[in-house]
């Protein structure tokens, strides 16, 4: 059961990756990365149960926090960098 | 009791996976950024929530359960805030949502074409 | 940004290989901090790019030779997962089987990192310290260049009510979680490196949202620079204390009457030193980068 | 001071929940860490009624139950539209007023809107909210102001 869930999450991560590569705007990419991050949290938690090692949950917590911080950081950065850079990136 | 918990947790896991998958497909299928946020928000709320609840039923009473609840709360708050921050930043950078109309609560909720 | 995805992915691989601690590090360092620092440095490089003054061919030659040597070195390495590999035969069984008895710490990775391989880890901490020094001196030298950039302003929190309130709730939890990771390195995944990075991430979040000035009022940059050195000194100091008590450098057994307690104390102190250095260096680097991007506002 | 106490309690609880090791050594580390973090947070000036919402602790569970129900219903609706395809959506931007008195109340309202799939808060200025809704129905649901009233009641 955990295996199926983990596989589905992997598929969703792949979908998010497709969106991250396709763009078309910078914000689509950030959204995809953020989504990818939240899926990683789920995957880590499910894997913890799959292997029967609940210490994995600590890693999941770190992921939640770090994912949040990095998304905010990326947004801040592009806000600073201004519109011109954002368009070049996109 | 044990078997009941298992069944409930399996149902939650399957339903959660389904919602995650739906959100992932929506992320690809919806036409523009602002509607894609809604798709992503499915995976973040009900998808993640159901999977976590499914895991909670497997965890039994104890620290693992508490940690799962913590992760769920954190990810809900952080995910919500991140969605908002992204939408706001996108709007600020000049990305305009494609809409069929706008509404204002002060004009009595009447739709006005923009 | 794709780098961020990459490190999330690789963290998943490490989990697959059952290397919890490595995954933990990758999660905290790779996914968050390195992305941010990369973006920040990209930005600096973009704006300040000048003609190269050194001879690129020479450097290329050196790099090629080094690379070739490294590749040549790997040819002799055993295949991945080969049970006859020296790594599997020589010390690992001892580490795995006897660390509980000799050191009394359930997490093998921590005991290897901080005790058996104490020298290596001291070296790594010094590398981080040196990296911090390097960044500081680099940014200090080039800060004489005067360039106009108007698009950078400190965070205006009145515009960001939601972020402000949520961050206020999250930051204390991030900091306490970092300390939790710090002190539970003996039991679960974690330890000084990871804790330092998480702590720094909390401070960085604070800086990003509330602005550099406010943040530096709470965490004085001078104090933090002192702390970078303090962490290394603490590590080395533990080693010297061991010598004074009649043991070898970093031989924790002599710290207490009971070797296991001595090991425990030594590891704790050493990990704390690592954590302090890592956190302080990260924060310093971030401050320097941010200062570079906003300083024109303060100079004019 | 009250808020510092509340923060320390919360931090200790967080530590105890995570730790699972209740030896005297680790517990003393907990005390040191909690004091240290509380001191830092005091310096950072993040300890106040906004981060430690003491006054609404009692009325919040009922609101959560209602919100969970809303989130589930909205999820099913949005999921249906994902499978139906892009033609089934009718994005709207709406402007609504938040009737909460404090920033915290408005943040709860704005985040509840974002949490519900189908609606995302785009901007919060003064007490005006700009919301992007995936469908006309979601927009209309928000304009009735039920969530707004409930959040105001939680705020007390």
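Quick notes on this one:
Order of writing sets the chain letters: A, B, C and D. Residues in each chain are counted from 1.
Keep this in mind: a contact is a pair of C-beta atoms (placed from the backbone, for glycine too) under 8 Å apart; a residue touches a chain by one contact, two chains touch by 3 or more.
Treat the numbers as computed from the prediction; the structure is a model and nothing was measured.
The minimal number of chain-to-chain contact steps leading from chain A to chain D is 2.
Between A-B and A-C, more C-beta contact pairs join the chains of A-B.
Chain B and chain D have centres, each the mean of its CA atoms, that are 14 Å apart. As a whole-number value, the distance joining the C-alpha centres of chain A and chain C reads 22 Å. Chain C and chain D have Cα centroids separated by 32 Å.
For chain B, the set of residues touching two or more other chains reads 23, 25, 37, 63, 67, 70, 74, 77-78, 81, 83-85. Residue positions of chain A with contacts to 2 or more other chains are 30, 58, 61, 65, 67-68, 72. Chain contacts: chain C has residues 162-163, 166, 169-170, 173, 177 touching two or more partner chains. The set of touching chain pairs reads A-B, A-C, B-C, B-D, C-D, using the touch definition from the header.
For chain B in complex with chain C, the touching residues are 74, 77-78, 81, 84-85.
The residues of chain D lying in touch with chain C in their complex are 7, 10-11, 14-15, 18-21, 26, 29, 33-34, 36-38, 40-41, 43-48, 50-51, 103-104, 106-107, 110-111, 121, 124-125. Residues 1-2, 4-5, 8-9, 11-12, 15-16, 18-19, 25-28, 30-32, 34-35, 38-39, 41-42, 45-46, 49, 54, 57-58, 60-61, 64-65, 67-68, 71-72, 75, 78-79, 83, 86 of chain A are the ones touching chain B in the complex.
Contacts from chain D toward chain B in the complex involve residues 14, 17-18, 20, 71-72, 75, 78-79, 82-83, 85-86, 89-97, 110-111, 114-123, 130, 132, 134, 136, 139-140, 143, 145.
Residue ranges of chain A in contact with chain C, taken from their complex: 17, 20, 29-30, 33, 36-37, 40, 43-44, 47, 51, 53, 55-56, 58-59, 61-63, 65-70, 72-74, 76-77, 80-82.
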